[in-house]
């Protein structure tokens, strides 16, 4: 239990990912799938950011001339990785939405089952 | 903020949702600056707060524009109101 | 200049894509030659690297000059060409070059008016695949994976009709795979604190059997499997590739899945180690069982299809089972077979899709029943097709025989008999399909050479498509004949210590 | 062992709130509501990251995740439909997926005891490679914002590829939506796609004047964000997105035609490629000056200053490239998504 509280953020990460994964796989609506995908991605970003956080650290921007103290600045590396992940995420989301619009133009529906029925005809 | 979320979920009108989300956005800016004070590096957080406010404005405009086009600035039809949770 | 070769492999197609995106608005005709030029540069560099690696060993390159000169660990991004990936790089860039030449006519015919960015996206896809092959940084691999994935979604969606839904499903599956991979990277990163593959592999043994590392390993595997359409995740592949434009399928089917298999091999062999796999025997037997099922399922569905494109897609599904199974046998011959099969299967699938593309180009579609008299209409294409099928079945002088030989040897050594049975079954199924096609295409119409029968007009595919197809089919035989030098000088060096023969 | 600083108490309730928002965004049945709640979810996330000291990530999330992607979702719904059909059945499948996901979650949680404590400064992540960046950024690159220096220099290759990803998204969405605007039968007759509004929505004087007044300031602010990225949070991505958003604001508050009369589509798409091209060209220049790809240090012959200053200027150059690409691709993606690829009228 002690461990659970000290690592509360990881628990939240896992919950967010379960929500995202569930809606990517189980939801029938394409837009909901897209939103689920975005939530899954934010879960992962949260994971990386929280492993790079330091207790009592400042933002990783140096001020003044004194030499930087490693313990007092948050980890920049995980932040870079996640900047990349965010941008990749929005690119994927945009593309998914474009495909969804195109599918809607064909089938007049966002419902996966209905689209599959349409395709079988 | 929870109260605003409740309005956003329940509707019943889109105006409620728009205003609720705007309230959440504004509160977030305050919280962001609060975080900046806690860090003792307020100047770093002002930039983000500014960007945040601008983007929040655009989202609100886009959303209201959507409703304006759809001419549905009235209580939504029952189909759209089945909010759960 | 040779020390810059690794980056040139990537830069060729990347710059070609950017220039081709410019050319698309001013001189649309230039975008194809530009891409061919970029791929040719990359292919030349990759071939040169094969010889350098065979002679001198692994080549490292530090982007931005940030090596480990200033620190115990690499602080920048490293790209590496070693004996595990050099053949793959040469195969990917070579096949991509041939496919680019081959695709011109198909694109003009199938995508008329919509091909503005086709070549740019084609080139970016190849950039992504080459990048996955060459990078020495597990996060950089994720970014390359997304580049390849995003461009392949568009290449698939260029097809009409059902292609959009197929692309959407692929997008959901592919993003899930990439996210799982990224999460796995996160779990490794938590325990090691570095992303460089070499540094991770030196740090990992000291950490032993930590649960976080195990979870990370499984997550990365799941991610790679979703990307490569391994058995429980194979649902997206046949739809996506069968409804994609033929030109896109000809580059995606041979390369995209193989590169994902390579990524899995890299994680298994270099980042973790074979000992790690042998220490967790439960998952080994599960994976072997899954790969046998994948082979059987792929073969079974390929028997039930009547469309040549779909048959070829299910072949891809079953071939994935070969490679994953071979890798998880975790012994010398099995790993050799898997590494060799990655290259051989890329070539075989490419030849297969090229031949199918020629048939589609002339006959309009690829239903089996439309093939009547195809052997007389397009004899050269069908000859290439038969050679390719022979390679897939595993007839001796072709490369397919040798990879299967190593795989069966490895399975026998490990005593995994269901895998041997699945391999033989899949050969049998492919032979049945080949005979069915010969029966329809050759026997079902009256033989035109016999007096009194109607002559069947020759209607061969255009030369710009025929030459790459034939070259690829001949390449299968050449690759088969070159097996022993390749295995001895390169692949055997990639095997972990203790497993080399 | 609970974290000791107030900043951590600040995060805990937010984390719970975020999960709540995620659940709400997925369970709300009106898609428009879902999109709006999702936007709020992203804003919450941004707060959390600011709380963990990741200001640049928070900035990017506010600009990209919350702002622009919400606009994208809204414009997609605008072109399609916001209602969800309720269908019977399918519960077994949902339950099955639920079980699978729960098992997966349990598997992930099994690694929990292995993790270092939240915020431990001596965990491997914080103690292996990261200290190098913190101590060497100033001597190596003369950039006080560590995020900028790592982003554009130490891991500059990642950033080049990230720009390429944005570029792919832009030309990909163009290829999917814009080319072949075939009109199927359901295209225009669909009641869901509203007929032209009964009055011209661009009549809204307040919105129009307010936006017109705001745009130059937004652009000025965005240029400051790009140029000042060496010293404060921000950089090419954030600035580029805000620049793009300022133009999106014009498109939304006036209409698409107004925007396209100023920016032709061709020049948009060419500028997107120009940005990536600039980044790659800086890298190539390093190659020709005798260094490795993206080794800005070798540019000291042409750029003012010594090696560290050359790196600093190189970073500025590539940030400008990133800014150009991001700005125009966000705009190009928006105009295609908002008008369903027809560029006639739209959100």
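To keep things simple, chains are lettered A, B, C and D as they appear, and every chain counts its residues starting from 1.
The definition used in the following text is that a residue touches a chain if its C-beta (ideal position, glycine included) is under 8 Å from a C-beta of that chain, and two chains touch if they have at least 3 such contacts.
Quantities reported herein were computed from a predicted structural model and do not represent experimental measurements.
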Roughly how many whole angstrom separate the Cα centroids of subunit A and subunit B? 20
Any idea how many Å lie between the Cα centroids of subunit C and subunit D? 32
When the C-alpha atoms of subunit A and subunit D are each averaged to a single point, how far apart are the two points in Å? 12
Which whole number of Å gives the spacing of the CA centres of subunit B and subunit C? 47
Contacts with 2+ other chains: residues of subunit A: 17, 21, 51, 58-59, 61, 63, 81, 84, 88, 91-92, 95, 99-100, 102, 106
Enumerate the residues of subunit B that touch no fewer than two other chains. 39, 44
Where subunit D touches two or more other chains, by residue: 5, 7, 23, 35, 53, 55, 68, 77, 108, 113, 115-116, 123, 125-126, 129-130, 133, 155, 158, 162, 165, 168-169, 172, 176, 232-233
So that we know how the chains sit together, what is the shape of their touch graph: line, ring, star, complete or other? other
Hey, which chains are touching each other here? A-B, A-C, A-D, B-D, C-D
Which positions of subunit D touch subunit A when the two form their complex? 1-5, 7-8, 11-12, 15-16, 18-19, 22-23, 25-26, 31, 34-35, 38, 41-42, 45, 48-49, 52-57, 60-61, 64-65, 68-69, 72-73, 76-77, 79-81, 84-85, 87, 90, 93-94, 97-98, 100-102, 104-105, 108-109, 112-113, 115-121, 123, 125-126, 129-131, 133-135, 137-138, 144-147, 150-151, 155, 158-159, 162, 165-166, 168-169, 172-173, 176-177, 184, 186-187, 190, 231-233, 237, 326, 333, 336-337, 340-341
Within their complex, state which residues of subunit A touch subunit D. 2-12, 14-23, 25-29, 31-32, 34-36, 38-39, 42, 45-46, 49-63, 67-68, 70-71, 73-84, 86-95, 97-102, 104-106, 108-111, 113-114
Seen from subunit D, its contact residues with subunit B in the complex are 5-7, 10, 17, 20-21, 23-24, 27-30, 32-33, 35-37, 39-40, 43-44, 46-47, 50-51, 53, 55, 58-59, 62-63, 66-68, 70-71, 74-75, 77-78, 82-83, 86, 194, 197-198, 201, 204, 207, 211, 214, 218, 221, 225, 232-234, 238, 242, 245, 248-249, 252-253, 347
Residues on subunit B engaged by subunit A in the complex (per definition of touch): 39-41, 44
Residues of subunit A defined as touching subunit B within the complex: 58-59, 61, 63
